[in-house]
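By written order: A, B, C, D and E. Residues from 1 in each chain.
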Amino acid sequence: MLGAVRDAGPKVRISVIDYTPEVLEEKFVENVEECFAYMDRESITWINVDGVSDSEIMRKLGQHFGMHPLVVEDIMSTDQRPKVEDYGNHLYIVVRMLRWNDKESALIDEQVSLLLGKGFVVSFQEEVEGDVFEPVRQRIRSAKGPIRKSGSDYLAYAILDAVVDAYFSVLEQVGDGIEDIEDRLTGDPSPAALRKLHAMKRELIFLRKAAWPLREVVGNLTRGASSLITPEAATYLRDVHDHTIQVADTVETYRDMLAGALDLHLSVVSNRMNEVIKFLTIIGTVFLPMTFVAGVFGMNFVNAVPEWDNPLGFGIVLALMLTVSIGLLAYFHRRKWI
Amino acid sequence: MLGAVRDAGPKVRISVIDYTPEVLEEKFVENVEECFAYMDRESITWINVDGVSDSEIMRKLGQHFGMHPLVVEDIMSTDQRPKVEDYGNHLYIVVRMLRWNDKESALIDEQVSLLLGKGFVVSFQEEVEGDVFEPVRQRIRSAKGPIRKSGSDYLAYAILDAVVDAYFSVLEQVGDGIEDIEDRLTGDPSPAALRKLHAMKRELIFLRKAAWPLREVVGNLTRGASSLITPEAATYLRDVHDHTIQVADTVETYRDMLAGALDLHLSVVSNRMNEVIKFLTIIGTVFLPMTFVAGVFGMNFVNAVPEWDNPLGFGIVLALMLTVSIGLLAYFHRRKWI
Amino acid sequence: MLGAVRDAGPKVRISVIDYTPEVLEEKFVENVEECFAYMDRESITWINVDGVSDSEIMRKLGQHFGMHPLVVEDIMSTDQRPKVEDYGNHLYIVVRMLRWNDKESALIDEQVSLLLGKGFVVSFQEEVEGDVFEPVRQRIRSAKGPIRKSGSDYLAYAILDAVVDAYFSVLEQVGDGIEDIEDRLTGDPSPAALRKLHAMKRELIFLRKAAWPLREVVGNLTRGASSLITPEAATYLRDVHDHTIQVADTVETYRDMLAGALDLHLSVVSNRMNEVIKFLTIIGTVFLPMTFVAGVFGMNFVNAVPEWDNPLGFGIVLALMLTVSIGLLAYFHRRKWI
Amino acid sequence: MLGAVRDAGPKVRISVIDYTPEVLEEKFVENVEECFAYMDRESITWINVDGVSDSEIMRKLGQHFGMHPLVVEDIMSTDQRPKVEDYGNHLYIVVRMLRWNDKESALIDEQVSLLLGKGFVVSFQEEVEGDVFEPVRQRIRSAKGPIRKSGSDYLAYAILDAVVDAYFSVLEQVGDGIEDIEDRLTGDPSPAALRKLHAMKRELIFLRKAAWPLREVVGNLTRGASSLITPEAATYLRDVHDHTIQVADTVETYRDMLAGALDLHLSVVSNRMNEVIKFLTIIGTVFLPMTFVAGVFGMNFVNAVPEWDNPLGFGIVLALMLTVSIGLLAYFHRRKWI
Amino acid sequence: MLGAVRDAGPKVRISVIDYTPEVLEEKFVENVEECFAYMDRESITWINVDGVSDSEIMRKLGQHFGMHPLVVEDIMSTDQRPKVEDYGNHLYIVVRMLRWNDKESALIDEQVSLLLGKGFVVSFQEEVEGDVFEPVRQRIRSAKGPIRKSGSDYLAYAILDAVVDAYFSVLEQVGDGIEDIEDRLTGDPSPAALRKLHAMKRELIFLRKAAWPLREVVGNLTRGASSLITPEAATYLRDVHDHTIQVADTVETYRDMLAGALDLHLSVVSNRMNEVIKFLTIIGTVFLPMTFVAGVFGMNFVNAVPEWDNPLGFGIVLALMLTVSIGLLAYFHRRKWI
């Protein structure tokens, strides 16, 4: 059995943090049944499950917590929309955890499911590696703030708060990117800037898809419909709610700014093309007529070309050319083209 | 009579699946009256009617189930908007069944009408061939999950769930297509990519037109207004409701992404045109003046062209040309055009 | 008096259809007072007034039916928005009747006002010629369906249903037009296709302006606020309501499709321009440098042009030209322009 | 005092219309206190104040009518948004009066504040010159319609109706303008048409900004919250409400049509540019290669140019040129460019 | 301690204005505890804290006023969205104070938090330097208007009013900028005008982000939910509410106008490019064929070129050229290109 779990190691990792105001216990468990023991104590238990693909473990957890089959299904299919469902003795909350991976300059989108019950929170993460909950763990370990003295609803708040805080980091990335792009656009409108603009647009689409329903979810939690959320925790959740509104607002603002940047880009490109074409036209206008005149006097008509042997002929022709050119340039200028 | 039905064979095909937790009966019926017998039993009966154009059969069914004349009309006119209507002893539900036909790379849009009553579901499909209900039939046959132990409301849920699941397949097609297009756009923005983008836009329009009202329909069913829907089935329908919201959300996301891809495409095309025109301008700027100089010295003025017989004349003129060209290229460079 | 009415003949035409389940009377009246006699009978009376510009007739009708002065004014000013107003003993309904005139390929927009009272419907049409009510008259004449056995509310339903059905014909026209345009766009994006696209956009604007408020109007009628609408008729009106929603939906879909077609058109035009400019650039790039080289060797420098008398000179120069051209074309190819 | 008022003459002008069903008195007052006498009578008094910049007069009026200091402030700051405020014994209504100045082809936007009390209406106009209330005055003078027999609420209705009627005149101007522009666009897409389109867009923006909140304002008045509005007047106000909805609708329709016209314009311009560039390309493609060939045979190589002295040489070269040109044109044609 | 505060001097500056209808005291305090003494008196106390980064001072203030830890956190994190929170004995209000810095032509965005309690207002400003509250202070000092005779709710109103008034100044800047840009666009569409347009767009985005939620905030305050707001102050707040609606409206109007200006700009650029290309095409069309003809007669075929020695040859050729040019220009004209 132990060996089997070890094999499943890379797929699922379960950790438990169990605390009272005075005592803290933190450990990884090899076997899912191990963590059930913590549930009966008078302490707050946070079970974190990294990886949701092992249906056997999910089945056991589902059975132990009395989860509806559809909830287990939802946890395992990792493209859920943020939502909250009240099953009486526990709340089921789904959110999207977005992180910015600096190394790969990529957005990581991961589903996090929370099961909030009396005295416990179970969190399910789509991926085994990485999350944004380290600040929460630190606050539990250091007993800073009200977290150790509060119930499981405060723990759920802290987790949701960490999720939303991570959205702000992503927004910061996008904000920096927009400034960078706008700077580039006043210089050289390269295709690379365009592609970056496009990439940021996609990140905003993801952020928006995560933030808008989350706003509703947290809004529902603050309305005190469930007895699992105390008024004290609801006050804190209202703060998270404000943050989700702020995220949604900023996403809209950034979308507007990106749209503005794209408009500016297209205008700059268009202006530049205009200038290049204008220049080509000037060159053509000046030299095509003059070349024609030169061609005329290069024709091989014996004794027929006028001024053939006039020593001043060459000068006269050049003067003629100059006149034509200056005339055309003057016309250009009058049309306000140069 | 039998011959008449056989003639109508390609137009209408009626199948019956009748089950209790213990027994399952499944067969095609030639004559519409055959299936009425199943209705009186204590079993769940699923009558599936493929093809709705035979008004005689529709009239008989309408009479037997006490359907309102407008309902029969709605079933037969196959461009209905998804809706649900409560007629007391039965619910009338219309949805759009969208499938992806891999062979023809085309979206198939078919109207499905459901009549949900106590102990029976009648489903009407617009086309005789093909549907997305095979998984439902498999679950009934294998008695897997709660389907055999549940009522006709669960069967209706299973059918609606299958319809919405098929939407996700179509969305997957579109999602793959968007990635494909975005890849192509960074390479060569061909008209073919444009046409594909346009085709996907249309598919999203269809999907949206099917999914948005379906969301309302399923939402209404979950609200427990009808006594035909038990709270247990309502819980399952809420899951379908979540899925329809997800479909609608993803459609919006994909629309945004397609709009972004089109913007990117237009910008890439515009940039490319810019580069080509710039190149033409450089070529013109370099060679038109030089050709003019060559023309000047090709004019047939006897004894008049300066440096006519200077052995270095040719070299001097070439140097002159070079100077002009370099000067113009330098001007270009200073304007940041090359 | 009769003469006066005859003069007004081309301006106003009044017809009466009076029916019970057994008896049907149908005739044109010369004098507006003639039709008042039908009102007192136990029959359903449909008075249809074609043309609303004769204020004398309108005044008499207004007086007879106890219409509010503002209602008379609304009937006569033919740019009303669809609406319904409850005046206790009668309902005043305004709708827009849209028809497709095949001969002139034009949309005809006409205001229809209905006065629905106990046992009578008065319909006012803006224009004397043409309407979409022929199917209603046929159903009355042939006594097909419930129309002869039902009250004036069913008659009003039948009229509204005919109005909405005509919207579908217009939508069909537009739908055909969109397919036609999309086909043309893949071939030759001519200005004519553009103008057609523009014309269909306008038709959709009219359709939308007619359909959206109509949706509300019919929705209000179904809610059973007025005692003039029986529950049976309300069920039928709900069907019309569904149809108005469908019209509104389809209008939005077609708008999306037209917007997509315009985007496609602009992209196709842009791509084509790109190709033409590319071709011009290639021609210029190949021949401008070669012409310059030819010009150089055409200069009249005695004994100064190198290879002047080398018999191979001509060949060498041609080889030089070829090299330059091939080099530039290779550069082009490397930049992925050809 | 009189002199002072005379000096303020161009700034403020006060007129009074006082009427009962039988008697009508109409005059200009020099001194604001003069008009207070009319208030105590059993008649309807309409005090019209042209010009709101004299704070002394405004203070006196405010005091006499018991207006809140903020109301006086609102009347004098003339960029208010349409609104209605209920101060118990009087209603304060702000609307925007839009007129079309034919002479200057310009839209005139003026603020009108109404104070509606028992037996009186005070109207404040931003500008001294011009208004749209002449039809109301005429109806009072001629005692046509119910105005002389009705209360001050009917008078307020008549004034609001006149304001909204003026919106329709402006809409007519814009409607005519759109038709004019669309006609021009099929001919010559000049910058003047563009500027006109832009100007009409701005007028619609103003109209919209005036009409949307007015719709709410009149909607509020019809709801019968204030005892100052009798049900009879409310019926009339509902008519104004319909008109404001119609204005708002038409504004949206015109915006759509202008957007469509702009799209059409851009497409026409783009098509035209396409054609011009195509023509340039054809010219270049035909003559650049031929000029090159001519240049080759113009080179001064003694005894080296082939066919130098062949009497048919000239003809052969011309045939060569023709072949090249026709080949290139054929290629063009195959690409569907000509 | 005093030294420590002096060090923090540039970071935090606290001023107190304490007034009754008769007495006014105004001073800067070095030590945060100093201002607590004013709270116990029967006067209105306005404590203004410039700079919110000193957590020690914030902690003391939070403790003294019984603020929720989240409120202190919100005050210190200066990117809050406008909101109002009711904590029973005090209201917590966050708004954005936008100012226009003429010197740097830049928008300054600063967070202002208000704590409104019985007899006091505490205002927290993000930055130490500058605010828009000078008019409020002047009114307190001069005892003009009702401010000295009213409670702390009126003071809060005056502060909010000052904030919203500053929005109008920014709007005025943008309005002037739009007129300037539209003027420039009819002349020369330079990139500088584009960049200014873009800058104004961003300012509107900020303004909108500040104004929309502020509208809700002030709307909430006027609804009289809190006993801290008297009906008299609510009347004044309704005025501020109107102003916020007006700001939001004007922002939308300006966005429309900027979008229109951008459309106009793009059209003007496009038209201009069109004209330049047309001119280039005309030049090319006239001179390329003529140069070709000249080239033909410049070829070195001995005795082969026709009209070689015809004294009229030169004239004939020139006539030929003229004919070709005029023909092409006529074709141009017929196509309505010139």
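One rule holds in what follows: a residue touches a chain if its C-beta (ideal position, glycine included) is under 8 Å from a C-beta of that chain, and two chains touch if they have at least 3 such contacts.
The model shown is predicted, which means the values in this text are computed figures rather than measured ones.
K.L.:
Going by the contact rule set out at the top, which chains touch both chain B and chain D?
P.N.:
Touching chain B and chain D alike, sorted by label: C.
K.L.:
Shared interface numbers for chain A and chain E above half of all numbers used, same, or below, different?
P.N.:
Under half shared, hence different.
K.L.:
Since chain C and chain D share one sequence, what rotation angle in degrees maps the C-alpha trace of one onto the other, as a multiple of 5?
P.N.:
70
K.L.:
Approximately how many whole Å separate the CA-defined centres of chain D and chain E?
P.N.:
The mean C-alpha positions of chain D and chain E differ by 26 Å.
K.L.:
With chain centres taken as the means of their Cα atoms, state the distance from chain B to chain E in Å.
P.N.:
42
K.L.:
Would you mind listing the residues of chain B that make contact with two or more other chains?
P.N.:
Each of 266, 270, 273, 277, 280, 284, 288, 291, 295, 298-300, 305 in chain B touches at least two other chains.
K.L.:
May I ask you to sort the chain touch graph into line, ring, star, complete or other?
P.N.:
Chain contacts: single closed ring, each chain with exactly two partners.
K.L.:
Can you trace the ring for me, chain D first, then chain E, and on through the rest?
P.N.:
Loop order (chain D start, chain E next): D, E, A, B, C.
K.L.:
If we count contacts the way the header does, which residues on chain E are in touch with chain A in the complex?
P.N.:
68, 70, 73-74, 79-81, 83, 85, 188-189, 191, 194-195, 198, 201-202, 205, 209, 213, 262, 265-266, 269-270, 272-273, 275-277, 279-280, 283-284, 287-288, 290-291, 294-295, 297-300, 305, 307-315, 317-318
K.L.:
Which residues of chain C touch chain B in their complex?
P.N.:
Chain C residues touching chain B: 186, 235-236, 238-239, 242, 245-246, 249, 253, 256-257, 260, 263-264, 266-268, 270-271, 273-274, 277-278, 280-281, 284-285, 288-289, 291-292, 295-296, 298-306, 328, 332, 335-337.
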